[in-house]
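Presented sequentially are two complexes of chain A, the first with chain B as partner and the second with chain C.
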Partner chain A sequence: MRPGPERSLLADLPRLLLLGFGALLVLAPYLWMLSASLKPGGEIFRDSLSLWPERFHALENYGKALREVPLLRFLLNGAVVCLAILALQLLFAVPCAYALAKLRWCGREAMFALVLAGLLIPAHVPALPLYAGFAAAGLLDSYAALVAPFAISVFGIFMFRQAFRSLPDELIQAARMDGMGELGIVWRVVLPNAWPTATAFATFSIVAHWNDLFWPLVVVQSPAMATPALGVLFFRAEEAGNDVGALMAASVIVTAPMVAFFLLAQRRFIQGVATAGLKG
Partner chain B sequence: MAGILLEDIRKSFGATQVLKGVTVVMQPGEFLSLVGPSGCGKTTLLRIIAGLESADAGRVLVGGREVTGLRAADRDIAMVFQNYALYPHLTVAENLAMPLIMRRLTAPQRLPLLGRLMPGTRARRAEVAARVAEAAEALRIGHLLDRRPAQLSGGQRQRVALGRALVRQPRAFLMDEPLSNLDAELRASTRREIVELHRQAGVTTVYVTHDQVEAMTMSDRVAVMMGGKLLQLGTPREVYEHPCDLRVAAFLGSPRINTLPVLAGEGQVHLGPLALPVAAKAPPGARLTLGLRPEALCLGGPRGLPARVDHLEFLGAELLLHARLEAGQVSIIARLPVAEAAGLGIGASVTLAADWTAALLFDAEGRRIGAAAQHETLAHA
Partner chain C sequence: MPDALPGGFAAPLLRQPAQAGLGEAAAGWLLAAPAALALFALLLGPSLMLLALSFTDWELGADGLRWIGLGNYAELLEDDSFLAALRNTLLYVAVVMPASIGLGLGVALLVEGGTRLRAAFRAIYFLPVVSLLVAMATAWQFLLHPTIGPVNRLLGLFGITPVNWLGSSDWVLPSLCAIGVWENLGYVVVLFMAGLIAIPAELYAAAEVDGARSGWARFRLVTWPLLGPTTLFVVTITAIRCLRVFDTVAALTKGGPNKASEVLLHVMYKEGFTYFRIGYSAAITAVFLAVVLALMLLQTRILDRRVHYA
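Right, the complex of A and B next:
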């Protein structure tokens, strides 16, 4: 056998099959949701398994989902909350990570140890005191309550710190010689050179907070402030308790922006990794 | 243009003393090389001038103004780094413009998007672009302005790094081994180019290198550093011909200076049984080291130093003869015209005559002491 594309495809076949099977396994619930959102209620719970609907019920399902609850409002809330959280996280994590990675100061190691310790605390632990605090401040049911607890991400600090450490010190010194202050260095030199990390972090952050159900459930009561995941819950509780088709349609609408975002970011992400891998 | 004064600079990293009190006075417009083996503290000294490192003690003055406590950004000094340290995410043009943008535009004017709306931004940006084009022209990198550093060769990156330093006409240039990543041919041509740029701009330049050839060929004056101390500061010719210390003599010159262990005598020094016609300003019997450059030796008549040829190195225009002196079994290298060494083979017996006026004497600590060549012939004691 000589090396060539035919041969490598054959050699890769078992691997491709295995990976394909894994992907199918992961995608199956999503595909089922997609298919169910197109079917009438009766068809969904038939004992035969078919993805393609016999009778299209898409208009009714999606129409109901959009009519019964303010789904678009939920999406807007999700976008506002996720972007605000991401902006604040970057605002705090990037300079912190720079200080931990590249500046020499007394207590740096201790501070980094605290960041690592912060990574170990699950989000649910401080939920009760935070709730009490927001309640006392009269801030429940507001964007502030949804955003503020996540403004500082120890995970973000850790991730950026690891990325910044690999930047050459000379680059930062050259920036100092060029007349930049430390904040100028952070935003003009350090962050642009850690773009893949920033993209990866943004993906993590946005997906996590878009899908977060726990915290919105704790602080939000009114549908006007509901985030997408909570909105779906409201929808189920209110009207469509047994209209699975419409519920699935609502879920598709709510997850669609994430799918779109992820596909876009993934492209960017791979580009970033590819250029960062080049020896420059 | 500004002179630089370093006053008793000291620096330690942990328990290691890197700089043990260095004082240097640089004239405005001077090209001064800091040269020495690696670990001698030259780069640390440069970084202290730049403000990237702070000295434990001592003062730094640039153009008569004390800058010891100032940040690097406020010293108005430009630096070329060994690995160039270009901004990888910016094009060549943006790399060149960065120091100007940081200095000529106000903070609001520098804001992305919003800055364009500030009054005066457009005019300032145009100024910057003109200056960038000018500098790129001078360095012949005009055709590279749209590329990113990753798309450039080593030599091109080096030019961009030089350009970034040149573009804003700083009070002083600092260069940290800027040629060490280039191949030999490029290094030689860039060396000349840097000297020409310095001549045109006339900006005080401190150039750090471990390569004595660079230091000797480029500089107005050379500062030889070793073990955290400044051993000697002088013109290339001074430090080569009149080194004040054996280590300086040994560091400068290739091949290395020959060193012979001798004993001081009356109006002469003794190398084993041989009396050499050099008068030492030292008490008779003192152990000294006699230094003799390879070019001060030639093949001599019957009255030279008897030696046996160990090895011959043909360099084209000349030839290096490695020999072992019969007196004291000392190795010695002579630089000879090729014609003179015709017919010599390994193991041949030769006699080497020396220009004793070029002999240098050092005491047991390596300090230079006075020597005078005596006009008498070599005699066997």
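Right, the complex of A and C next:
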């Protein structure tokens, strides 16, 4: 139950075997996706079970994937959208969280109640009216439509408020004595002192919006505006979508950035996504 | 002369809160105002509007809208697609949630039960959570392909006849559930691992002194009760994640064959954003919201009882 002193390898073997078997099942789609992306179509049809290709077809598959649809454009769109969303979320949430955590003002309780109410509402609920609004404003199929609905993150406000509350008041008093304004305190004193929360929130936000399919599917029509998640659907709709090797290559290309990012910063990622579970 | 008083800085200290009070209130308002406005414009306002729209017959592009009361909700009760979606969504939650939680708890206990490869296993099991689900769904589609898919090829080695995993109405929902467990497992594992680490080691020692020698006894007497709050949290979060199932359906089955994999958000998407029946789609969204809120209410109820009677 509890990791006691290091057990012998033999005693640990059942644990390792069970976990290893499970890990293999979890990794199976990644392994076969990678494998198929390296194989020529004929080989996939003949023997899809073996992982190692007899003849490498990687250049053709990946070349075709990149030629058929603007995959790199999708990745760029994804990066632009995620970073813009994150920047706006911080811009709105951090000052508000500071006001909720450290300042006394009438209306504070009411504002916090609204934030808690907001936590209960899944993002799909305001989607229809927002869509109608963007359509009326002629803003569909634009970065603005992809980014704006997520500018406010109630979860971000909540998370930062909890973190800011545990900062010592003396820190803020000292900054005031130094003649710092409240905005300066927010960005130059309070936020840097809550850095773990900020990085956890950032990873959570980026993962959530990189992977989001619903909203891009709603507002985007042209491939030029597609995010990676939507890009996969565009690719499948193309003729090349029937070419398993190229399709798997395209899937590898859009999956790779976030997986690489995750492997580089595992701890932060797990912390961010797990502590942010509240709004998934 | 305040300055002449002993402890001369007491006066400014006394005065300061009053001054700061006004300034502080103004600062509080100013700092919170942008977020408050955005909250109303982007989340609370549209959500209220959605509820109002669910009582109208508005269609995008139509000239006007009429208030039809519960008309949309009455239509829902006779809509085969919606009823199939509601049934399938609840079935999906009822399968994926307990399966992910049971397996996730097992994996978390095993991972935490030793020191070898702990970080590696945690990373592997967590990988699906950060992977682009649409792309991985595409990989699953290849794995589950009726003729060239490795799964059927593997089963073929044991003489099992190929199954049309995503194409037959009997198998499509179980297949999507399997992908759902794969997708949610790592999430549950990480949450349970955090809960396990928080259990003080002394409790296990104490339980052992009291005669809880077997691993199962220690699990029953220490781990499971202390994991209670974590479990409740995991149940709610996983249930809500499962309720939102959309990506795999939109990418792989579009609700088919014959509505066998239709789910709430997919019907809502189709009605609202491809047929532009906004009012009707709003009613489906309202049902979705009601289910989510009911789950959260249930969680707080159980939490309250725990606090009061435990």
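By our rule, the second predicted complex is superposed on the first by the 228 of 280 C-alpha atoms of A that agree within 3 Å, B and C clash if a C-alpha of one lies under 4 Å from a C-alpha of the other, contacts with A are read in each partner's own complex, and residues count from 1 in each chain.
Convention: a contact is a pair of C-beta atoms (placed from the backbone, for glycine too) under 8 Å apart; a residue touches a chain by one contact, two chains touch by 3 or more.
Because the structure is a prediction, the values reported are computed rather than measured.
Peer 1: Based on the superposed arrangement, let me know which partner A:E170 touches: chain B (first), chain C (second), both, or neither?
Peer 2: Only chain B is touched by A:E170; chain C is not.
Peer 1: Based on the superposed arrangement, let me know which partner A:P29 touches: chain B (first), chain C (second), both, or neither?
Peer 2: second
Peer 1: Spot which of chain B and chain C makes contact with more residues of chain A, would you?
Peer 2: Tallying touched residues of chain A, the top partner is C.
Peer 1: Is A:P192 contacted by the first partner chain B, the second partner chain C, both or neither?
Peer 2: The answer is first: A:P192 touches chain B but not chain C.
Peer 1: Residues of chain A that sit at the chain B interface in one complex and at the chain C interface in the other, please.
Peer 2: Residues common to the chain A contacts of chain C and of chain B are 278, 280, listed in rising order.
Peer 1: Within their complex, state which residues of chain C touch chain A.
Peer 2: It is residues 21, 24-32, 34-36, 38-39, 42-47, 49-50, 53, 60, 103, 107, 109-117, 119, 121-136, 138-140, 142-143, 145, 148-150, 153-154, 182, 185-187, 190-191, 194, 199, 201, 204, 215, 218-219, 222-223, 233, 237, 240-241, 244, 246-247, 250-251, 265, 268-269, 272-273, 278, 281-282, 285, 288-289, 292-293, 296 of chain C that touch chain A.
Peer 1: Under the stated contact criterion, what part of chain B meets chain A in this complex?
Peer 2: Residue positions touching the partner: 50-52, 71-73, 77-79, 81-83, 85-89, 98-99, 102-103, 149-150, 164.
Peer 1: Where on chain A does chain C make contact in their complex?
Peer 2: Against chain C, chain A makes touches at 1-3, 6-7, 9, 12, 15-16, 18-19, 22-23, 25-30, 32-33, 36, 44-45, 47-49, 91-93, 95-96, 98-100, 103-108, 111, 114-115, 117-118, 120-122, 124-133, 135, 148-149, 151-152, 154, 157, 182-183, 186, 207, 210-211, 213-214, 217-218, 228-230, 232-233, 236, 244, 247-248, 250-252, 254-255, 258-259, 261-263, 266, 269-270, 273-274, 277-278, 280.
Peer 1: Using the touch definition from the top, list the residues of chain A that touch chain B in their complex.
Peer 2: 168, 170-171, 173-181, 184, 189, 192-193, 195, 275, 278-280
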